[in-house]
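So that we are looking at the same thing, I have put the structure below in structure tokens.
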Amino acid sequence: GKPAENATDATNPDELTFSILSAENQASMEPLWAPLLDDLSASIGIKVKPYFATNYTSLVEAMRFKQVHMGWFSASPALQAVRRADGEVLGRVVDAGGDATYKSVLIVRKGSGLTLDKVLACDKTLNFGMGDTQSTSGTLAPMTYLFTPRNIEPARCFKTVRSASHQANTFAVANGVVDVATNNTVGLIFFARQNPELAAKVETIWESPPLPESSIVVRKDLDPALKEKIRQFFLTYGTGTDEKAAKQREVLKGLAYGGFRPADNSYLDPVREMEASEALAAAKRGGDAGKIAKAQAEFDKVRAEAAQARAIAPAPVQ
Amino acid sequence: MTDAAVLSIRNASKTFGQRRALDDVSLEVHKGEIIALIGPSGSGKSTLLRSISALQTIDAGPGVITAFGGPVQKDGKIDSNVRKTRTRIGMIFQQFNLVGRLSLFSNVALGSLGRIGFWQAALGLWPAETKQAVMAALHRFGISDYASQRANTLSGGQQQRGAIARALVQKAKIILADEPVASLDPVSARRVMEILRELNETDGLTVIVTLHQVDYALRYCKRVVALKAGKVVYDGPPSDLKRDRLIDIYGPEFEDVFWEGAPT
Amino acid sequence: MTVQPGAIPPPPVRTLAQRAPDLLIWGCLIGLLAIAFGPAELYKLPLLFSNSANMQELGRGFITPDFTHWTLYVGKMWQTIQMAIWGTSLAIVTAIPLGLLASRNITPAFIQVPIRRLLDVVRSVPDLVIGMIFLVAVGPGPLAGVMALAIGTSGVLAKLFSEATESIDRGPVEGVRATGGAKLHEIVWGVIPQVAPLWTSYALYRFESNSRSATVLGLIGAGGIGQVLVDSMNAFDYSSTAAIVLVIIVAVSLIDMLSQAIRSRLL
Amino acid sequence: MTVQPGAIPPPPVRTLAQRAPDLLIWGCLIGLLAIAFGPAELYKLPLLFSNSANMQELGRGFITPDFTHWTLYVGKMWQTIQMAIWGTSLAIVTAIPLGLLASRNITPAFIQVPIRRLLDVVRSVPDLVIGMIFLVAVGPGPLAGVMALAIGTSGVLAKLFSEATESIDRGPVEGVRATGGAKLHEIVWGVIPQVAPLWTSYALYRFESNSRSATVLGLIGAGGIGQVLVDSMNAFDYSSTAAIVLVIIVAVSLIDMLSQAIRSRLL
Amino acid sequence: MTDAAVLSIRNASKTFGQRRALDDVSLEVHKGEIIALIGPSGSGKSTLLRSISALQTIDAGPGVITAFGGPVQKDGKIDSNVRKTRTRIGMIFQQFNLVGRLSLFSNVALGSLGRIGFWQAALGLWPAETKQAVMAALHRFGISDYASQRANTLSGGQQQRGAIARALVQKAKIILADEPVASLDPVSARRVMEILRELNETDGLTVIVTLHQVDYALRYCKRVVALKAGKVVYDGPPSDLKRDRLIDIYGPEFEDVFWEGAPT
């Protein structure tokens, strides 16, 4: 296709760009994704060009400026895409092993004798490894579900708190240079697969409630017919019984996914909830009464909305 | 300043830190003169020549240098039109100042920069005329065999002759030569001095040449200017440059220098 | 023989005032190192030896390179090199004039200083911002990567070019100037021949580091070997990482040998 | 006067064989640029102009810097500088001997070539791997960052140091050699004075780029201004990003001015 | 090789690309000799001196250079113990080879590298003896005022005298001087030649000096070696160096050079 056109005719481009956010725990995705996108291209009759990137900010901005039409985002970036880049959630992924295996965890070194209680004792003796500030399972989830409800502020609770990548944290715990760290269930599976000896040295002491996984986000202003075609493609992918479906299941297996399920923006409510909780905690730290009240109101509102959504639709996970 | 003066230096001083390299030097040079600039080491000869070609500013103040009636520098500032003046002044440096990584040929061809097209010069597309002039100059000094050798692999004397060839190719109206024969064997030295004299006599060029060999100065030049500690201490014909004058310039030890055939 | 009159003077001694700038610089450096000793946790250094078993264990993952996907790696390497060659070439084209304009011995201060500050700004703007700016204009992909590399590299190269230029011998330049050459002629004939070997090595060094760069290309979806590398590390797949690193080592070594070959012609 | 006997010879012409290496290099470069034109999507370049509105709109987010947390930014900048100063200093200490050992005009080939390849390897190993190796030994935090910076920087500095060394004038070195000085004396008195200005500028350039580096420090929990920058961008908080970039610009400019001041003393 | 020979060059050749800079040169130098090395520019004088101090290899083959009875280079390879030999050979370079960014004092102090402690030398902690020797040498050449000035800001003659002072501080047993008086005024030149003679006569040093001024060679040296196109064409006392010999060396134009007081 002509490059100039996918910029101008955004609703019905003759070439679709599909961004794939390089998530933690995914090896060389390009060859794995290629057959899926070829199938998509064949199914909707428009060429699909994949882009892999390590940073979601740039992908969200690219989608905002119509340089990217749809993308594969993990939960928190997906929310940003919906907010900033006129995106809407089209579907979500289920893992190969079934549903809802994705949870945030706290890990310690096996035999260290550390328990959740000891961690929460806040005696300033432990070194704590946190994820990056915007990481769902590394930071947001443990804050929302573990620390904030107990009014614990990690910086005041532990000897040191450092933000690092998941891999760095995992190795640090396994090698005993950090006492407790955050991670997630999928990350641990990968870690165990590649480094069995080290993985044996790590144990989980806390699991969060299930977290939303990656989802497919498309630009809202895409032609509705086209959007529907894309939705149909994903939802039926690998579900048939014929030989084609078997092949599709092979593709999915490569990606370590079980298939796709329908979802909409409310799928991301837990992330919104986590964000609001984080904002509330930040306000509380700041100690400004006005800000606290405002953040509290926002938090309550998001929470209520999430509960409502859950009541109407089946729970996004489980 | 006389109208006929092709070069005029008035009240030029130059101070490096504490050191006065030029001390209120005034000099009028007329068209067609050939002047030997002598003086002990460190007396400011190179500094004076460098100031004339505006490679160096003189101290701010009353000092003025003009060439061909136009200003070269004034009050410590170099005139903005100096480039045109420079193309008419050929400079032969004491340290040769060749570009080590270029061939001898290219180095000498640079002499034509001021007179060929701007882009031609920038791209090194030397016109046939330049090429011929370069080879003629190299041949004249007996170094045409070395045309394609890199300048930094040439012997000292070969480099010096290359530097002189560059000034020749420049076809300047004034030649400033800073010890052009220092690294040369007697025959080459004589050849260079002859060429300078020929340029002066036949082509009417004005020549200022720095020399340590007083005998060369006496033989080839019609006027001798002597510097000592930055001051002009003699300016006149070689015939007046008697023994006691020279002792005055170079110090009492000069007495012992000319063991034979020295001017008396 | 004759000896100069007068007594032999004493050897020169540098006064405190002459030494002050040097003492200041060294004093500041040592002071900074001392101040930063604590915050940089240098006192933990002995851990490096007591915990060396950890390092070995981690290293073990790397000793069995997995070349299953080697065609992919080589392809990606090639892809990065293609982006790097355009990015670096465009950067050189801008860095040459900027570098010369930023050199104190070529350019008057009222131009040189602003250019220098401009280059500081260019180097300070994060890769991600530069990448994003091009991303929103030309869409994700190689071109955005090429442009991001070009901008970032030109800031660095112009700085390095200018500092090499400031270190040259002014004799040859004066030689050209004295023939009445214009500024451009002085540069082409007096400056460039002197700086050519260093400029070449800078350009090839940046080409090399662009070829192995993961950061900006990966951030904006331009792909390349860096992306594959990050992905393999994200999956804790150190055998693949090791294989990718070997591919990069080969590429870097080839570029380095090329660099040496070109430079030895120029030296 | 006397003219040399014989006719004036023709100007030298470079034969095809002499030109071959140059033609080869230029041919390869142009060929590569042509081959890479398509894959690097250079044909999309016009989009840069037709879509410039996008760039402006994106840029608009940056024009209102938000300095609410400026103390945090300055603190983080200072923290990074402290890590950078140790990392760079350690790198210089290793890069000086390595750089000299990697210089062809100082070191015999049977040592110089392996050192050169070793440096290629060091530069090829990704930051993240180096960081992780130190992380498991000394734990996450500044020291791991310092060590990772030190290793990565020493590979680059040693290469740059050696290429500056290869460009020196050998006259002064021979002067020292002829007095019977040992190799070390040749280096201290003949080489170092010649390369000092360039080495200083390299060292300060790396100090500067370490001070604004985000990648390796952020990945292994060493924090610093780079981490804050990435976080602010990830939160789409471009006003804060702009403020942070301004802080970095000030730091980079100060380091650059320091570099110029030190170099002008040495030149 | 005679046993008394302090320096022996046998069958040394040196080829640069196509050019033969030294062509089967053999030379025996005895302790206490003072030899003038003359020859036209490009005849290989510098190349010969550089080969003797092993700054350059000669071509592989039969060529051998020995000094003080020990090998300097042989078959195109420099002897591994050459450093010790070098400390006993002082070299004065045609292009001075001072370290431009160091002060004149430091440059001259480098002459003592070979004889003071290794680390002392590396750190520049010059012993009092070195300092005195340096200042004495600078004073002797009238440049002690410039001791703290950077070498690259000195005038040509000042640099040349600095280079000679360095060789003096080295306290070598052999001095190789490559055109040591080229950039000097007559008085300084004479002073340098007198010092070389004094070192030779009083201290018994062996001196080889390259000269372009044939009169200096005749006046100061007891033996003259002439090179032409890399070949030794004369080796004998100055008294035998008659006009036709010189014409043989420098070419027919030499006839015109000595217009007065030339040897006949």
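All chains are identified by letter, namely A, B, C, D and E, in their written order; residue positions are counted from 1 within each chain.
FYI, contacts are C-beta pairs under 8 Å (C-beta built on N, C-alpha and C of every residue); 3 or more make two chains touch, one makes a residue touch a chain.
This one's a predicted model, so the numbers in the text were calculated from it and none came from an experiment.
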Intersection of contact partners for chain C and chain E: B, D
Most contacted chain pair (by C-beta pair count): C-D
Interface residue identity across copies chain C, chain D - same or different by half: same
Centroid distance [mean C-alpha coordinates] between chain C and chain A, Å: 36
Chain A-chain B separation of Cα centroids, rounded to whole Å: 78
Distance between chain centroids, defined by C-alpha means - chain C, chain D (Å): 2
Per-residue overlap in chain D, given as positions that touch at least 2 other chains: 2, 41, 44, 47, 51, 54, 57-58, 128, 132, 136-139, 141, 230, 233, 267
Per-residue overlap in chain B, given as positions that touch at least 2 other chains: 95, 191, 253
Touching two or more other chains - residue numbers and ranges from chain A: 3, 7, 55, 57, 61, 65, 167, 171, 175, 177
Pairs of chains satisfying the touch condition: A-C, A-D, B-C, B-D, B-E, C-D, C-E, D-E
Parts of chain C lying in touch with chain B, wherever the complex brings them together: 2, 171-172, 174-182, 184-185, 188-190, 193-194, 196, 266-267
Of all residues in chain E, those that touch chain D in their complex: 53, 55, 83-91, 93, 95-102, 106, 110-114, 118, 121-122, 124, 163, 166, 170, 253, 256
Footprint of chain D on chain C - complex, ascending: 21-22, 25, 29, 32-33, 35-37, 39-42, 44-45, 47-48, 51-52, 54-55, 57-59, 62, 79, 81-83, 85-86, 89, 104, 116-117, 119-121, 123-126, 128-129, 132-134, 136-139, 141-143, 146-147, 156, 159-160, 163-164, 166-167, 169, 197-198, 201-202, 205, 208-209, 212, 214-215, 229-230, 233, 241, 245, 248-249, 252-253, 256, 259-260, 262-265, 267
Chain C residues touching chain E - in the complex, by the definition given at the top: 1-4, 6, 8-12, 14
Chain E to chain C touching residues, read off their complex: 103, 105, 131-132, 134-136, 139-142, 144-145, 147-148, 191, 194-195, 197-198
